[in-house]
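In the two complexes below, chain A is the common chain; its partner is chain B in one and chain C in the other.
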Partner chain A sequence: MRNPYGWAALTVFSLGFFLFIYAPLFVIIGYSFNSNPVNMMIWEHFTFDWYTGLFGLSDRETGVGNRAAYVESTDQMLAALRTSLTVAVFTTTISTVIGTATAIALARFKFRLRGFYNGFLMLPMMMPDIVLGIGLLIFFVTVGMNLSMLTIIIGHCTFLTSYVFIIVQARIAGLDPALEEASADLGASEWVTLRKVLLPQLAPGIMGGALLAFVISMDDLVITYFVSGTGDTTLPIFIFGMIRRGVKPEINAIATLIILASVVIAALGLWLRSRKTD
Partner chain B sequence: MAPLLEIRDARRTFLTPEGGRLAALDGVSLSVEANEFVTLLGPSGCGKTTLLRAISGFEALDSGTMVLDGADLSALPPFRRPVNTVFQSYALFGHMTVARNVGYALEVAGVAKSQREVQVAEVLEKVGLAGLGARRPGQLSGGQRQRVALARSIIAKPRLLLLDEPLSALDRNLRQQMQLELKSLQHALGIAFIFVTHDQEEALTMSDWIVVMRAGKIEQIGTPREIYRQPKNRFVAEFIGETNLFPVTVDRVEGGDALARTADGVELRLPVLGRKAGEQVTAILRPADFTLGPTGIPGRVSRAVYLGSDLYLFVQPQAGGPEIRVIARDNQDAREGSAVHLSHDPARVHVLEAG
Partner chain C sequence: MALRRQSVVLGVLLAPVTLFLGIFFLLPLCIIAVFSFLTPGLYGGVEWTFYHWNYGRIFGWADGFIEIFEPVYLQILWRSLSFAALTVILTLILCYPVAFWVSRLSDRWRLVFLFLITLPFFSSLIVRLYAWLLILKPTGLLNTVLLNIGLISEPLEILYTPAAVVLGMVYVMVPFMFLPLYASVDTLDRAQIEASLDLGANRVQTFLKVVLPQTLPGIIGGAVIVFIPSVGNFVVPDVLGGAKGLMIGNLVEQQFLSSRNWPFGSALSMIIMAVVLTVLMVSVRRAKKVGGHA
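Presenting the complex of A and B:
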């Protein structure tokens, strides 16, 4: 039995909820096509200028700041993007390998303190970013490491390994242990079983974890802020710096592009995770 | 000739979560000859699956020996043991095609692809799945998956095939069909089967030998007929099929029969061999051993269940005591409340010494 009022209230609530989540994103996307350089809240007309301007293809003045700064910031932005991508690729690779290996070890081998390790691996995920960031910074300074891209990668790996671990662990928990037994029963050594049965069965989880790690690494600001050197600006730090000097229309364009990339990657990740293998 | 598989005094104890000890295998000895169909039968927790997993190598023994074909098994990891298993969950590899699943043992053994394909096609044919090699396990029905699991486990021609309740997930008709197919396949392949089940009907249908287990011990080993007609004790009698148990005192030996009486006064006639007046024994009669007739134990039908060609009756003896279960032909006029007489052939009565 459906109560029509209750049903209507639920519908309104759901719509309101989605509006609450997505409105800011749509506002940014909308503003990124507004040609008004002074006040982005007043619609002038549709333009691609802020996108072309990002890549140094437009000579349009925004009126805020000076032109020279923009030309420079195009190169800076691309450099920051490159730094972010490099960090994300290395971080994803390292944390996926370690996270997957750990998940397999904890699920398939019995050893002392197993439960302790399990809980301990969750901790970096729950720790406030700012604490982790400060901790890493103090650690790097203590051991005498110069802040560089390497320290960013190490910093990201410390908590992204946990993310990959948790996702792969969920996958392995749903896996019938008899699959590996069947493989062994049919004559496959442990290595062959790992390669031919376990890893292919875990592949959707591993891919999902890797994509998540990639997205979070690309997105991270707080921890990166503490452990990056002056020469290694990632994209989030670059945007953060830009916004401190005032919100320029280009920021909306960058944000829109990042939203687009995130949606693509996240959709890919969800699809891989949900894909049935049997 | 030495048996194919010889297990001596196998023991395995598990720690329960409460900190207790549970003897899953409590001194089990068993030998299996080549080309035999042996069924391990027992209620859940009796140790039958532990025994199977010990043979396949997924469970270690605390003590005892296992020798297969003259070679000590206990030193070998599962992947080096010349036995294959059909798992209860089938454990098919969902990311591989049916053909690759079936050919997996050959693939990991390094058999060339062309040769593999020939053998896979052959085995698929044997289990009635010809032409389905390109499918994924997820696209098959339960019965077909069962056949894939079977094909995959026999392709490497093991000396011994272990089957862990493989039919439990199938519906009744399919299960009965598979029972007969498994038996004829076992004959055709010449592989010894060790089949684990808790379903006594399945065990009776397929086995050369039935091993009845309880609480980590073997209660009885025998042919299906021996297990059914001459159970060694109450547990076996009650676990295998429907049973009427009568604790009786022998009254007197009269002609060819021994007359015996339950405490309530139900009179039975037992085989005379070895019976002495005054001794207490348990008489076992299967429901089909009774016939409705003009003479015999007087009683009243308290419930009648229609089974198709047969009638399943619960008869309350006039003298009192528990109801007697009787299977009668449907053509007999017995309905709830009607008065009947149950007669039986003394030769069909199995006697357990000491009630």
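Presenting the complex of A and C:
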């Protein structure tokens, strides 16, 4: 920049931009330690009550209402967390296998429908999730499938396969095919070349894709909203329900824990990526 | 022989995706299309007879007897389109200068800020929206601060207005605009900018003739990635918008979960799909054109 004032203005604007992104998160974290149960905007004093309350350890009353009006229990929240984790594990496994297989097929084989598949795999990512959600809902009801954890897993896999595909495909594009050609020339079959030569080189890309799939599956709200039955609630749906019923201090505590977890996961992702470039 | 074995391997690799997406992606979309032309059942569900009034209710050829044309649907569609467009414009204005700033930082700081912009991708959407609920509500942070410093005497009504919805969408979509934009700003040819300035073009001319054309692919990419999830969004208006912030996504949700009029909900979804496919096709064509000129 030739103009120092211009650069200073740009710096101020940019720092303001990052403040805009992060300040709201710090608001939640701050209020999660405020003991005022009626108006959380007015600071009373520091407390861990909302956290201990989350795990059923505190018997402090929440809000102005009576205890009976407070429908969310610790058990429900932990069950929702368990459902989210189970769904995310299965979704990650299935979408990683399918997405990786597709990426290899499109990168290493020449066939007529290749262009079609490349375009087709973009569609689930671009389709608004509400359309996909209600499409799956009508489909499951029409074929008589009960809404359950299985339907949530299927719903997540439909779009996460594409995410894994894109990440693995980017990794393959950066590989030297000479290694695989050498393997084939030396008499290895396609399967052996795939397993022993291609897959090890792809491992960081596959890990990255799997991590992304896991994170998005844990966070998905809209598709889960339509394809989950009454029995299986995921964590985002649970929080969505809580928020719809009104703001309570416990939500701040859950939200803070989720923010913490996402920072850890993002750092893990960064670490994986930096290892890849070594 | 080798060729045959190759096609077996290819078949094994492609079969899962073909089956899975065929059954659980293409088929549901086709079912939406079919349902949008069926008669709504009296108690939810459908009757398998052809019916075009689902679209008539939206676009105005309903007979006013069996089905009633309600201009409110077109209004909500228009509102969704304009909210999404506004979100694109605002995220672009916010991200463009910042992308420049980040690209000019030293390696170390650049990595720090790029990490900070990708972090929201990993954090929960519902938690980030909830933060704005805390800030905007009548007894929320913003009103408390403004009242205390005496800027206002009555709490502002921001929550449950269209402004809150657009603000929420901008907040959620900002990282999606930033990354494609940054990718194109980062590869800008600095020598060309210097040359343009040296040859006597002023800053505005240089921006319009050198910088803008080079970053256009990033702008289009970001605009598409932000517009598409915004137009069918139902979570942001659900949490932050009131009746005046209702968008077409909320309308679809109502048809499926409370009104139980699935054919009408399907017709509304078809409109969302049509909008999305149009945007995608126009942007692909546009991208080809830009690529052709370069």
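Convention: the second predicted complex is superposed on the first by the 258 of 278 C-alpha atoms of A that agree within 3 Å, B and C clash if a C-alpha of one lies under 4 Å from a C-alpha of the other, contacts with A are read in each partner's own complex, and residues count from 1 in each chain.
Operating definition for what follows: contacts are C-beta pairs under 8 Å (C-beta built on N, C-alpha and C of every residue); 3 or more make two chains touch, one makes a residue touch a chain.
Model, not experiment: these values are computed from the prediction.
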Broader residue contact with chain A after superposition on the shared chain, chain B or chain C: C
Partner chain(s) touched by A:L272 [first = chain B, second = chain C, both, neither]: neither
Touching partner for A:L150 - first (chain B), second (chain C), both, neither: neither
Contacts of A:S14 with chain B and chain C, given as first, second, both or neither: second
Partner chain(s) touched by A:L25 [first = chain B, second = chain C, both, neither]: second
First (chain B), second (chain C), both or neither touched by A:P236: second
First (chain B), second (chain C), both or neither touched by A:F139: second
Touched partner set for A:I251, first chain B, second chain C, both or neither: second
Chain B versus chain C as contact partner of A:A170, first or second or both or neither: neither
Touching partner for A:A188 - first (chain B), second (chain C), both, neither: first
Common interface positions of chain A, toward chain B and toward chain C: 189
Residues of chain C that touch chain A when the two form their complex: 5-6, 9-10, 12-14, 16-17, 20-21, 24-25, 27-29, 31-32, 35, 94-95, 97-98, 100-102, 104, 113, 115-128, 130-135, 137, 139-141, 144, 171, 174, 197, 228-229, 231-235, 238-239, 249, 252-253, 256, 262, 265-266, 269, 272-273, 276, 280
Touch list for chain B against partner chain A, complex: 56-58, 77-80, 83-85, 87-89, 91-95, 104-105, 107-109, 136-138, 152-153, 156
Chain B-touching residues of chain A, taken from the complex the two chains share: 176, 178-179, 181-189, 192, 196-197, 200-201, 203, 276-278
In the complex with chain C, residue positions of chain A that touch it: 1-2, 10-11, 13-14, 17-18, 20-22, 24-25, 27-28, 31, 39-42, 97-99, 101-102, 104-105, 109, 111, 117, 120-121, 123-124, 126-132, 134-139, 142, 154-155, 157-158, 161, 165, 189-191, 194, 215, 219, 221-222, 226, 236, 239-240, 243-244, 247, 251-252, 255, 258-259, 262-263, 265-266, 269-270
